[in-house]
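Shown below is the structure under consideration.
To keep things simple, chains are lettered A, B and C as they appear, and every chain counts its residues starting from 1.
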Amino acid sequence: MTPAEIRVAILTVSDGVHYGTRTDKSGPAVADHLRKAGFIVAESAVLPDERNQIADWLRDIAEHRLADVIFTTGGTGVAPRDVTPEAVRDVIDREIPGIGELMRQSGRAYTPLASLARGLAGVAGSTLIVTLPGSPKGALESLGAILELVPHVHDLLNGRTAHEGQRAE
Amino acid sequence: MTPAEIRVAILTVSDGVHYGTRTDKSGPAVADHLRKAGFIVAESAVLPDERNQIADWLRDIAEHRLADVIFTTGGTGVAPRDVTPEAVRDVIDREIPGIGELMRQSGRAYTPLASLARGLAGVAGSTLIVTLPGSPKGALESLGAILELVPHVHDLLNGRTAHEGQRAE
Amino acid sequence: MTPAEIRVAILTVSDGVHYGTRTDKSGPAVADHLRKAGFIVAESAVLPDERNQIADWLRDIAEHRLADVIFTTGGTGVAPRDVTPEAVRDVIDREIPGIGELMRQSGRAYTPLASLARGLAGVAGSTLIVTLPGSPKGALESLGAILELVPHVHDLLNGRTAHEGQRAE
């Protein structure tokens, strides 16, 4: 499967954008990058930093298979309103810890503050969910660090594997 | 304690091997490597990718102290049937996150797909459990990355420490 | 906010120190290092390796805001009495996984045993809690690896951020 057949949904999590006091730069930047990489941007939305609203939206996309991959941007830091990782954990069946580790490790080349990103990735049904940081720069850096993995995860979730000896376990 | 006194159990987790449609290469490769490194291979088994069966087997080995260390191979990926990490979490008292991190970090030198390995290590009673990938190559690479740690964990679990200032905390 | 306004509490977790069979070198070494870096050492204590006692002490400091940051030293290894990570998990609202990852990654430059450190960091209310290893050398190495992050976390927990585009998510 090529990226061109993979449908992505993009969720911007930000009180400021939701309430109109801030312009969303990260969501469009992520969408633009993914389109250029050959993905189909099938859905996008903006939500405030509310755990239940975020979890409900993610669950809806995953259950109705409205996208193969969901990228969120925002709400992964350590400020009191940053609850995106908690919302994602409410929804996923299984975490893929290496994706969060890789985003932080790659980010440390840019800023030591990358260690404070609480981002993670996991699987809900057959949908992959990846949380990106809220700044456009951080979101694109993290996306770049892990994007090559996405088609592989998508294949594995949909039962397309080479012989087992090549499984990406 | 030298490796020669450490008893290991090896569990191959694979539907294919269990149902006879695939030959187990990883379990024997891991056993061979451990014997050459001076460990005693005390037990080995094959199970399908069934969380409860895996957890029961691990629990049995740990509770009856049939081995000091259990290595599993297989079922650590992101495909729907990959449930080994979940089975291990059902059994361990405490996780050692740095072992999973180290296996993934070392694996990235070979393939970016190493970030998709959901492998982990933890302690059940006084038994260390480490999950290795399912491919022979991946299993041996991960084993090589963490093997030097095993005698230290074994000593610590059995109350053999140098003075506390040298504890491997 | 400069470190000079940040109040830290230091908890030495050690059966040996608590029962008087061992001298605490790590707690004072950590305190000394933090004072020289401009932090205020507001509290310090010694407790045995007892999960509930550790958790109660941490909760008391966080709930009454007796310190902005708590550093523990000891009890993060894999020996049966090492329960500090479990006690911290009992208390924190949210984990910051990158801090534990960074301490282990930095520690591997000194010793492969750094991978066995089960240390973590998280937030209880507006108090940051970081667990350091029990040896003076390990505690200072881990502290050095993550100390620059502490003022940023403190700012974020207390609502001081630059504009959102610079948030350390």
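The criterion applied here is as follows: contacts are C-beta pairs under 8 Å (C-beta built on N, C-alpha and C of every residue); 3 or more make two chains touch, one makes a residue touch a chain.
Just so it is clear, the model here is predicted, and its values are computed rather than measured.
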| item | value |
| --- | --- |
| Contact-graph distance - origin chain A, target chain C | 1 |
| When chain B is superposed on chain C by its C-alpha atoms, the rotation angle in degrees, nearest 5 | 120 |
| Equivalent interface positions on chain A and chain B, same or different at half | different |
| Whole-Å gap separating chain A and chain B, where each centre is the average of the chain's CA atoms | 30 |
| Residues of chain A whose C-beta touches two or more other chains | 101, 105 |
| Chain A - residues contacting chain C, complex | 14, 16, 22, 25, 74-80, 82, 85-86, 100-101, 104-105, 108, 111-119, 133-138 |
| Interface residues, chain B side, partner chain C - complex | 94-99, 101-102, 105, 123, 126, 146, 148-149, 152-153, 156-157, 159, 161, 164-169 |
